[in-house]
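Handing you this structure, nothing more for now.
For reference, chains read A, B and C in written order, and residue numbers begin at 1 within each chain.
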Amino acid sequence: MPGTIDKKLEELGIELPVPAAPIANYVGFVRSGRLLFVSGQLCDAGGALIATGKLGSQVTVEQGQAAARACAVNLLAQVKAALGDLDKVVRVVRLGGFINSAPDFLDGPKVMNGASDLMVAVFGEKGRHARTTVGVTALPRDAAVEVEGTFEVS
Amino acid sequence: MPGTIDKKLEELGIELPVPAAPIANYVGFVRSGRLLFVSGQLCDAGGALIATGKLGSQVTVEQGQAAARACAVNLLAQVKAALGDLDKVVRVVRLGGFINSAPDFLDGPKVMNGASDLMVAVFGEKGRHARTTVGVTALPRDAAVEVEGTFEVS
Amino acid sequence: MPGTIDKKLEELGIELPVPAAPIANYVGFVRSGRLLFVSGQLCDAGGALIATGKLGSQVTVEQGQAAARACAVNLLAQVKAALGDLDKVVRVVRLGGFINSAPDFLDGPKVMNGASDLMVAVFGEKGRHARTTVGVTALPRDAAVEVEGTFEVS
């Protein structure tokens, strides 16, 4: 029987992908006590990055928001793989957003809202999180956005 | 009756601002167990950023230090909002410092000392923290410095 | 009597350095409960940085990997200083990798594997960690790589 959060994902039309299997000596998530630390996720969807390049030159804010949302969906796929059941998420504790930015791009927070809004759409009040957003020089595979997450879980 | 740390702030002439209310689907802090995760704070003071632009081109190390100190004050404002009483801080666990940097700016740690020194001035030994300082391409609103924090609280 | 991990380090020919003493108001590590937060470590080895400058222009991927490995060795030196005995490491929870990058450098994860591989060589399965890798504009002392770590400890 699907859990509450699974139903919410269905309502939102979100299908969780198979989480990315790291191709090196790290893993998608590690749990320690009640905290689940999830590796930085890129904006893959449907088998490819949905936005590459830098905000402020090659990528629009709207494209960046969609990219941040995709990162958040990929975080949820990792959490689902970790817990089996997303109803075990007690709280989204923290998101760290890294925006692939031209040096004069100042709207990182608007981009990152794509990830934050997804968390609140899925989890409601317990989706509200602490957040840090910074603009970085380069990201793996030229992804437009990378987001890491920390979750309190039961 | 003001607590020990409140008195220390008064001695230091530091008035905590009303903490920034996030204007999106995130919050200033989340507590999980004994850890308090505080969102990245910019160098606002008195209603405006006290330094904008990049270290190494538009902002001096001294201005950057003042900016990092302002970020730290804003972290404390969030902690106060979270706990009511700063005496409940058991330890400043970790600060993450993001310095808006020209590509050849190497003195991020000197800048970040503005935040670290404030923590030790306020909390003494329990203000000493683990720290990571990096130079980033761009920060929200062109802030010179952004600092996030993790605190152990009772 | 050397512990299991100390023997493994010896087998691998790794001698832990005296951990860097921060020259400011922060420390190399802070423990909170079962989590040990270690400050960002640069790629020092034998008293000097082993690689300076940016990946994608001045530093090769191979040099970057060696640099990331050196950062990981320095993390272990801090953990040893914190715990006395590396056998008390229950799990490497998370590594955060910051690669000093030219704007078009996309191979941060390959560089960061130098750190991840070291953790698994030393700790085996419990060395596998969550990981976030980003390319930054500038690092302290122009280091090619900086890595921070979170460890679960007993």
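Some notes on this structure:
The rule is short, and it goes like this: contacts are C-beta pairs under 8 Å (C-beta built on N, C-alpha and C of every residue); 3 or more make two chains touch, one makes a residue touch a chain.
Just so we're clear, the structure is a prediction, and the values are computed from it rather than from any experiment.
The angle of the rotation superposing chain A on chain C, based on CA atoms and rounded to the nearest 5, is 120 degrees. For the self-contact between chain A and chain B, the two sides draw on mostly distinct residue numbers; the shared fraction is below half. Taking each chain's centre as the average of its CA atoms, chain A and chain B sit 25 Å apart. Taken residue by residue, chain A touches two or more other chains at 33, 35, 136-137, whereas all remaining positions touch fewer. Note for the complex: chain A touches chain B at residues 33-35, 56, 91-95, 99, 101-109, 113, 116-117, 119-120, 127-137, 150, 152. By the touch criterion given at the top, residues 22, 24-30, 32-33, 35, 37-40, 54, 96, 98, 136-142, 146, 148 of chain A touch chain C in their complex.
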